[in-house]
Amino acid sequence: MEAHKLTLQGRGLACVRSGRPVFSGLDFSLHSGQALVLRGPNGSGKSTLLRLVAGLLVPAAGSILWSDASIAEDPDEYRANIHYLGHQTGLKTALTVAENIAFWAQLYGVEAAVEESCARLGLARIADLPVKYLSQGQQRRTALARLVAMPLPLWLLDEPNVGLDDFSNKVLQDLMAEHLASGGMIMAATHTELGIAHAAVLNLPGGSMQNSGAR
Amino acid sequence: MSEFLHMGGYAVFVWPAYVAVMGVVVILGIQSWRSQKTLTAEAARLKQTMGEEEQH
Amino acid sequence: MAFFALIGREVRLAWRQGNSSAMAVTFFLVAVTLFPLGIGPELSVLARISAGVIWVAALLSALLTLDRLFQQDFEDGSLDLLALAPMPMELIVLAKSIAHWLTTGLPLVVAAPLLAVLLNMDSGGLGILMLSLAIGTPALSLTGAIGAALTVTVRRGGVLMPLLILPLYVPTLIFGVGAVDAVLNNIVAGPNLLYLGALSLVALALAPFAAAAAIRLALE
Amino acid sequence: MMHRFANPTRFVRLADRMLPWLFIVTLGSFAVGLYMALITSPPDYQQGDSVRIMYVHAPSAWMGLFGYMVLAGASFASLVWRHPLADAAAKASAPIGAAFTGLALLTGSLWGQPMWGTWWVWDARLTSMLVLFFLYLGYMALWSAIEDRQKASKAAAILALVGAINVPIIKFSVDWWNTLHQPASIMRQGGPSMDSAMLWPLGIMFVAFNAYYAMVLMWRIKAELAARKIETLRYNQAARQEGPAARQEGPAARQEGQAVLEEGS
């Protein structure tokens, strides 16, 4: 991953879903090696904000800047730098673990370290098993394996630790720490402890930022 | 008058056509008129009550 | 390269998951056999309506497997990931339509002559039947993709989808059957096939953009 | 010019000024039109008095097609120019157009029966109108199938545009299909060759139908706008009643939210 300074900023972001204002006048900023955790009650717009930052949603007002350039100018270039992990795993249950990961690598046109990423996530022995036989924790780890197999600077994680057993949770925390250490950025929505050292916190819906302190 | 109603033997075709068309025209018209009247009134009423609630 | 990777995945999925091609061809077979049961075994009557019956059955079979085109990906979250992939959504829709044509359209073309014999169609018509189906079915997959994209967020979209799409299939049906009937009445079928080809090209030009817009809308 | 009507309240004020006049024109032209169509205009030398059905069939058929054009135009404005009122107009236009297309089918079959001997003949014009009727049903079904109003309006707009591109193609292919299977239909549409005693009532009925269409469209748009206002107010009501956490921020969020909504719409 290039070590130079990458930044992600949100300026005056507002979002209206089916006539209801979800949040407005929201600002945040993120730089290489930093994590931003979104906290707030249900329906406060955590997932909406993540989908907005991923570019799946167009904001009612405000803009998102990737290294000081608005993502609206060149959405494809911006999208090539992000991994989005939503509530669902995005895996095809009829395909095997390895096939799922290899497909995404082909789609992104990159050589993916499929075996290493499976090993890293403790999936080596079941790499050739169709995903439908896997447990919830194993499926979440396969989804995480996709992030490891194709390193990209910005991770957008929507409640990544939901349904994870202790072992998978530990693996998730190590991966996130490693990603940050190598200059990557994480923006994660969560209800529970994510265990990321000195992560900034953004409380929704108010949109007030609190920096540092383990979250 | 009955000769007029007879429509040269085509009464059974001409009259249903006119009744159907004018019937739908009238019904659709009244339904649209009534819906805009009641909905606009309710919108105004709701806006008014929301306004009051905000004062105190 | 990525384009073919997506087509490959879709075809592999279709084969492994409840084999949609077999389902489409079976439906095609059953639908066609209903007509002699309903209309009677009179061979000369069946021969005269054979082209129309086969084309209508093929059209319905294509429609049958279409509403799953985006539904599964929407439900398991991979549609979000596809939208974020470096490939434009228009190409993703095109790849899925091609995969649908390979898994449904093509098997129908192959199965059609067998059913034509079932309906006592004159053997001279078998070749043109396959040709007209081959040229016409891409339009069915492409236009169908618009319907599938529009109803992806609708819970029982499968019921609504045919109502949206079947009126748009009328021209393809008319020129498809027209081509076969022309040959059966030994008139030249050229113009029909040209119109049929034009319809498929219009669908190729229009459908990916309309469907992509509908998908982006559904993901919001 | 486009944005002069953009603001809903300005549209409603304008509509309220025009509606009384439209009502008078509609009523008057229907009265005169019906009188001439049923009484003063001569029977046809061939079809006798059944030709009088033409005075309601032709305008209905035209309104059905015109309704779809308005629908497609409004959908284009709403999708491409993000015109805030356009999707209300599109949604309001559909039922009127569908009603007239249905009436055109009914009157067409009533008019044709004496000549054809059956209630339905696959005449090119009637068949195209039947397909147009299905396009309307599909459009309205899509609106009701999607809960979120913004998504429903955009999805319906896409369908309307795709439909609009296909209407001429369908018309052409049905006409071609008709000439192949049947000699030209004998249901004369009545071109300029008709004597003036028939042209006048037809013209007046056209005016009546168009004025009526404009009037009802405006009513339905007003109803749609009021329904949206109610929906937004209800959402705000719910937002205000939310748990204590949102209470102290609630009003602030609602003010900003409201500001965003005004500026956004």
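Residue numbering begins at 1 within each chain, and the chains themselves are lettered A, B, C and D in the order written.
Just so we're on the same page, a contact is a pair of C-beta atoms (placed from the backbone, for glycine too) under 8 Å apart; a residue touches a chain by one contact, two chains touch by 3 or more.
Quick caveat, the model's predicted, so the values are computed rather than measured.
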If I rank B-D and A-C by number of C-beta contact pairs, which comes first?
B-D
So which chain is the furthest away from chain D, centre to centre on CA atoms?
A
Rounded to the nearest Å, the gap separating the Cα centres of chain B and chain D is 15
Separation of chain A from chain C, taking each centre as the mean of its C-alpha atoms, in whole Å
38
List the centre-to-centre spacing of chain A and chain B in whole Å, with centres computed as mean CA coordinates.
54
Rounded Å distance between chain A and chain D, as computed from the means of their C-alpha atoms
46
Touching at least two other chains at once: which residues of chain D meet that condition?
151
Which chain C residues sit where two or more other chains touch them?
220
The chain pairs that touch are A-C, A-D, B-D, C-D
Residue numbers of chain A touching chain C in their complex, please.
54-58, 76, 79-80, 82, 84, 86-95, 103-104, 106-109
Where on chain C does chain A make contact in their complex?
1-2, 5-6, 9, 12-13, 16-17, 75-78, 80-88, 219-220
Parts of chain D lying in touch with chain A, wherever the complex brings them together
147-151, 228, 231-232, 235, 238-239, 243, 245-246, 249, 253-254, 256-261, 263-264
Going by the contact rule at the top, pick out the chain B residues touching chain D in the complex.
4, 7-10, 13-14, 16-18, 20-22, 24-25, 28-29, 32-33, 35-36, 39-40, 42-43, 46-47, 50
In the complex, chain D residues that touch chain B
12, 30, 34, 38-39, 43, 48-50, 52-53, 56-57, 60, 95-96, 99, 102-103, 106-107, 110-111, 113-114, 212, 215-216, 219-220, 222-223, 226-227, 229-230, 233-234, 236-237
